[in-house]
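Each of the next two complexes has chain A plus one more chain, namely chain B in the first and chain C in the second.
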Partner chain A sequence: MRRVAAELGLILRDARLRWTGGVLALLLIVAGLGTWREAVRYAAEVERIGLAERARWLGQDEKNPHSADHFGLWVFRPSAPLAVLDPGTEPYTGRMVRVEAHVFNDAVYRAVQDAGPLARAGLGSPADIVQLVVPLAAILLGFAAFAADRERGTLRLALGNGAAPGPLFAGRFAALLCATVLVVGLPLLALGGLAAARFGLPGWQAWPRLLAWVAAQIGYAAVFLLLAMLLSLTARTARGALAAALAVWVLLCVAAPRLAALGVETLVPARSYAETRARIEAGFRAHRTAEASDARAREVLARYGVEDPDALPVDLRGLMMTENEQHNFAVYDREFGAFFAGLAARERAYGWAGLATPRLALQALSQILAGTDFAQHAHFVWTAEAYRRGISERMNAEIRDNPQRGGRLLVAGPALWREVPPFDPAPLPLARSLRDARVPALMLALWIGLLAGAAATLVRRLRP
Partner chain B sequence: MRDATGPDAPVLAIRGATKRFAGRLILDGLDLALGAGEVYALLGPNGAGKTTTINLILGFLRADAGEVRVGGLDPATAPVAARAQAAYIPEQVALYPGLSGLENLRYLATLAALRLSRSEAGRLLDEAGLAGEAHGRPAAGYSKGMRQKVGIAVALARRARLLLLDEPTSGLDPGASADFARTVRAAASRGTAVLMATHDLYRLREMADRVGVLRAGRIAEEIDPRGLDAAALERLALARPAEEAP
Partner chain C sequence: MTPARVRHLLAAEIRLLLGERLTLAILAALLAALCLGAYTGAGRVAAERAAIARAAQDEARAVREARAAHVRYAQASDVKVHYWQDPTHAFGYMTQFLTVHAVKPPTPLAVLATGQSDVQPGLMRMSFGFSTVFDDTDYDLGAVGRLRLGAFDLAFVLVALVPLAVIALAGTRLCAEQDSGLLRLIAAQPVAPRRVAGAKFGAAALVLLAALLSGTALALGLFEGLGPLAEGGGTLALLAAALAAYTLFWVAACALAASLWRGAVFALVILVLAWACLTVALPASLSLAVDALAPRPSRIAAIDASREAQERFSLAPEGRRIAAAWLAERAPQAGAALRDAPEIRRLARDAFYDAAVASHREAARLHAEATARWSRRLAPLSPAASLLLALETAAGTDAARHAAFLAAAAEYRRSLRAFFEPRILAQALHPVPVCAGCQARLDFDAYDAVPAFPASVDAEAPWRQALLCLGGLLASTLLLAAAAFRRFAAWPA
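For the complex of A and B:
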């Protein structure tokens, strides 16, 4: 501990490192303020429009339940509390869905449509800063760890006077990691803590998510600290170590993610959205013809052993609508199920692509732990669809169970509308997120393990 | 050569050490043994292999042939344990420029897992001859001699069995050089074995018990310096200059 404290003291006296830390903390705070403002605005909108939609639904006129089903309403995806730290897929995936009869609507309203220039530059959130800028800061912190000592001659004096290379490396790494925790971990923890307190709902388990999320970011910074220190162990000069570390940064943070993304898209093909919609249309088409409808009507009459629809104990139209919806649901389940499964497989492959670059490992891990990953979006979409189906089934059941004779039209009122509960989606539980996080966490741990192993080997050969 | 493993084992034992750089033979079967309390001076022109010898002892280089033992340990295979028995003052003592001499000493002691209080560190700097007013000044403003004195203090703090000095009086003023000679003799009287590579023929006579003249990569002559004057030593040192070593 004394060794770490001594190294930390040395780091804190270094103006270059103080500036680096200060700028980094400032960047994180600026990015955090931007996402915080967006989170506050969106949370207020969700509450205001959600209440208005609920009032609109409850306040609709008396009408036929099927008309009410078409009347529909908008439902909103509440933002994850830790979206303040990492908005993940949220700005790109749409956050509101129109719930109405027959149609599995897309989620619309993508926040990225209103994004400012910082977000368009890929630096709009603290997570962006961590993924791209923190490695640079870690390099600036670590590149001189041994190379500058070697260049100055202090390494010769230290090693010749009993400084053991292993503890020397460990002490410097621990001190640099402490400095990273100070300038990266603490601001993130503070921002995330405020977000968890302000936006955290019980289902999110925001606090354990936050701790795991911050630990992942520090782990990622540790990868680049280790990398910079490894290069510093072997480089003759500090300048050489810096140049090599920057080249590695370009490779791992800029080039490799793009190449890995291309590789994943090639190796894990996913069905396109347009093709999915076409297949759904095809699935409906054969079922929607007048002939098919007549055949189903005849089949219903035969099932009940009557010839006249008025002789049925149920409303023929209501029953057929219920059965038609079951067919539609099956088509949606099959086609959208395959579509989302393809995208989920791709997401999992991105986790494995963390083997090529720690940035992809962190990106996946960060979104999963923040609750802003694609799985959460898909979960919301299916939750909204289940809500839509619940409304359709209730409205159709009302028609089916109240047969109208002689062309009379069933009219329902607020009592029925109130039977539809407010939309209150629960997120995927933390346990599921932790299960999804296993692969990217393993990839990040592999990077740390490999680099620590390389350091343990190289440090034994440390020479002045 | 003494037994390297017995109870009277030498603190330092080098047997048949050979080292080449880019095909050039720098050390050619060097033999050297040093017991507790002995002060041994390696004499020879630049490139004779003095610093190479010290680098072998510290495990910074590995001998191509032969063996080196520090307290019975091979610095090539157990450098940390071997170095733990030694203290070292390089020819050019480099310090952390942002730290004062006192802070440099305490920091370097911490790296060596030593705990030095401020007063202990101050006393060591006094002992090394660094003026009290300089203790707290940033080392960036130190002269070569002042840095050397901090280096001496670092080495003294180690209380090591073996003290390795590479041109230790280089850059010291005559007064400091005399103080340093007394410091070395005091260390030897406490049982520390001292090996120094030097050109300082005058101080060498004050400090060394034995002088090894390094020539063509081996000890060509080993003499008691107290029986010789500086001119005789100079003649010995310069008789057959060796090639430059890296």
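For the complex of A and C:
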């Protein structure tokens, strides 16, 4: 511990840390303010329109339940509390769903659509900064760990004085990691703590998520610290160590992630949204012609053994709408089920792609822990669809169970509207997120393990 | 030193550079990256063209099936045909069967940059009604992970990776000699530092330019073919010049870093930080500035307005009053009973709804235009953003083209409504008699007369943007080169 404290003291006096820490803190604060402002605005808007939509639903005048089903409402996906740190998939997926009769509407209006072309430069959130800039900071802190001493001749002096290379490496690494925690971990923890306190609802389990999230970011920084020190162990000069570390940074943080993403898309094909919609349309087309509808009406009459719809114990229109919706639900389940399963498989593959670059491992892990991953989006879309189906089924059942004779139209009122509960989507629990996080966490751990193993081997062979 | 000696020095430096294994490795990696970028671009363009072809097939299918229904329903039958099942009825066809799209076709140089095309729809099916607050709802999620990172396309290679290749190749020229002590020996020769620096960085520039321009041409030729590229020949030539200027900008930056005489470590750190600032941090900051200069209108507020309109119309007396007013304005001679007809109520409802959300749609249109305008104005502050914008504009995947596309789509929707509305109204006022026993309306068969979307490609914008980019890059390069030239006046002490 004394060695770590001494090394830490040296690092804290180093101008490099002050500069690196200052720039990082500034970047994190600027990015955090941007995401915070967006989160506050969105949360306020969602709360306001959520209440307005509920009031509109309950305030409908008396009408046929099917008209009420068409009147429908809009539902909105609440943002995850830790989206302030890592918006993850949220800006790229719609968060607003129109709930109405017959149609499984997708979540629409993605934040990225309204952002300018420069917004995708890659530093829009604290998570982006951690993924791209923190490795650079770690390299700048760690590249000189041994190479500079070797160049100056002080490494020979230290080893000659009996300093064991292993503890020397461990001490320097521990000190650098402490410094990283100081300049990266603490600001993230502070920002995340504010977000958890301001936006954290019970279902999110924001605090344990935050701790796990910050730990993952530190783990990622540790990968690059190890990498920089590893290169520093082998390079003859600090210049060589820095050049090699920067080259590795370019490869792992800039080029490889996009290459790996390309590989994932090639290896894990997923059905397109347009194709899915076309299949759904094709599934409905034959079913909704006048002839098909007439045949189904005849089949219902035959089933009940009557010829006149007025002789049915149920309302023919209501019953047919109920059965129609069951057909539609089955088509939606089949086609959208395959669509979302394909995309989920692709997102899972990103976790494995973490083997190619730790940035992808962290990206996947970070958004899962923040609750902004694709699984949360899919969960919301299906929750909204379940809510829509609940409304449709209740409205259709009301018509079906109250047969109107002689062409009269059933009229329902507020008592029926109140039977529909408010939309209250719950996020996927932390336990599920932790399950999903296993692969990317394993990949990140693998990087740390491999680099630590390589460092242990090289430290044993350390020459001044 | 005579010009012949300068040429000799330059040739020697080029030979030295090409003799290094690192140079060959970097150039090979760059060529591979360029080919991969062109390959992904070509794949994206092919997918876009396929999607447009599928949409056209779907449109043809809808018309074919409507015609078949026309034939089928023109015979007596006891099968009841509701309006939502009836493509022979102008109203039924417009609201249930109409399959038309607004299309943003790929430009001849689309292969260059993915731009906004992976997050903005290039194909939108037109529809009417309460669910359509804005048109741009169609999108393909693809892989969100990839959307976050961005595509590995030619623009990424040219804008982000090329400077890194330049830094790797030229970033330690002279600094390495300074660190190794060789610079003292060079300085002892009767040669001015400007000549030496000129030869060293000139050689790097020539090698890089030759490799980059030929590599890009090769990659484009391999994966896109020269046919489509020839259509955008003028723009392509300007872009090649801009790319050359961009490469020279980074070579000049390397020279400037070397002229500080602080050694290779310092030069590398400065150059990589400059790269991070100019290609990542500065564009991100400019994005914040664009956000501040063109504040986003709220989509949720627009949804709220649309719902208020829907709520008002759904209240029986209010809905009836709105429908009556709409009908009175268009057909004063119509009877009071007609205002309760489903088609009249629907048309009145849609008109009322469109009026209610018009200001929000206009705000969104203005925002899209303002975002594109400010991005165009601010991009020259970052050489990387400037080149990227030029490439995206040439590819037709830029924000300005998308804003124009959205405006054209909104206009197209209006033209569709203007096409159907008089036909629906005329039929409601004077129903065409159909055959005895026929259940369908049989009042509409002008399927081929339905307006088609006037897809367009702006031929001016790409070369204008490329020219602007070239001018900006040349100015920045000259500035950096002049600063380096000044500092190379003397050898370090």
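Keep in mind that, in the parts below, the second predicted complex is superposed on the first by the 458 of 464 C-alpha atoms of A that agree within 3 Å, B and C clash if a C-alpha of one lies under 4 Å from a C-alpha of the other, contacts with A are read in each partner's own complex, and residues count from 1 in each chain.
The working rule: contacts are C-beta pairs under 8 Å (C-beta built on N, C-alpha and C of every residue); 3 or more make two chains touch, one makes a residue touch a chain.
None of these values were measured; they are calculated from a predicted model.
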Clash-or-fit label for the pair chain B, chain C on chain A: fit
Angle, in degrees and to the nearest 10, that opens at chain A between the C-alpha centres of chain B and chain C: 100
Touched partner set for A:T289, first chain B, second chain C, both or neither: second
Partner chain(s) touched by A:R463 [first = chain B, second = chain C, both, neither]: first
Touching partner for A:R13 - first (chain B), second (chain C), both, neither: first
First, second, both or neither for A:G153, with chain B first and chain C second: first
First, second, both or neither for A:G162, with chain B first and chain C second: first
More chain A residues in contact [chain B versus chain C]: C
Distance of closest approach, chain C and chain B, by C-alpha atoms in Å: 17
Chain B and chain C contact sites that coincide on chain A, given as residue numbers: none
Residues of chain C touching chain A in the complex: 33, 36, 40, 51, 54, 58, 65, 73, 79-82, 84-86, 115-116, 119-120, 123, 130-131, 134, 136-152, 156, 160-161, 164, 168, 172, 176, 179, 263-265, 268-269, 272, 276, 279-281, 283-284, 286-288, 290-291, 294, 296, 298-301, 303-304, 307, 310-311, 314-316, 367, 371-372, 374-375, 378-379, 385, 388-389, 392, 398-399, 439-440
In the complex with chain A, residue positions of chain B that touch it: 58, 60, 80, 83-84, 86-88, 90, 92-96, 98-99, 106-108, 110-115, 151, 154-155, 158, 160, 164
Chain A residues within the chain B interface of the complex: 2-3, 6, 9-10, 13-14, 152-154, 156-168, 171, 463-464
Touching residues (chain side chain A, partner chain C) in the complex: 27, 30, 34, 45-46, 48-49, 52-53, 56, 59-61, 63, 67, 71, 73-74, 76, 88-89, 92-94, 96, 98, 100, 103, 105-106, 108-110, 112-124, 132-133, 136, 140, 237-239, 242-243, 246-247, 250, 254-255, 257-259, 261-262, 264-265, 270, 272-274, 278, 285, 288-291, 293-294, 343, 346-347, 350, 360, 363-364, 374, 377
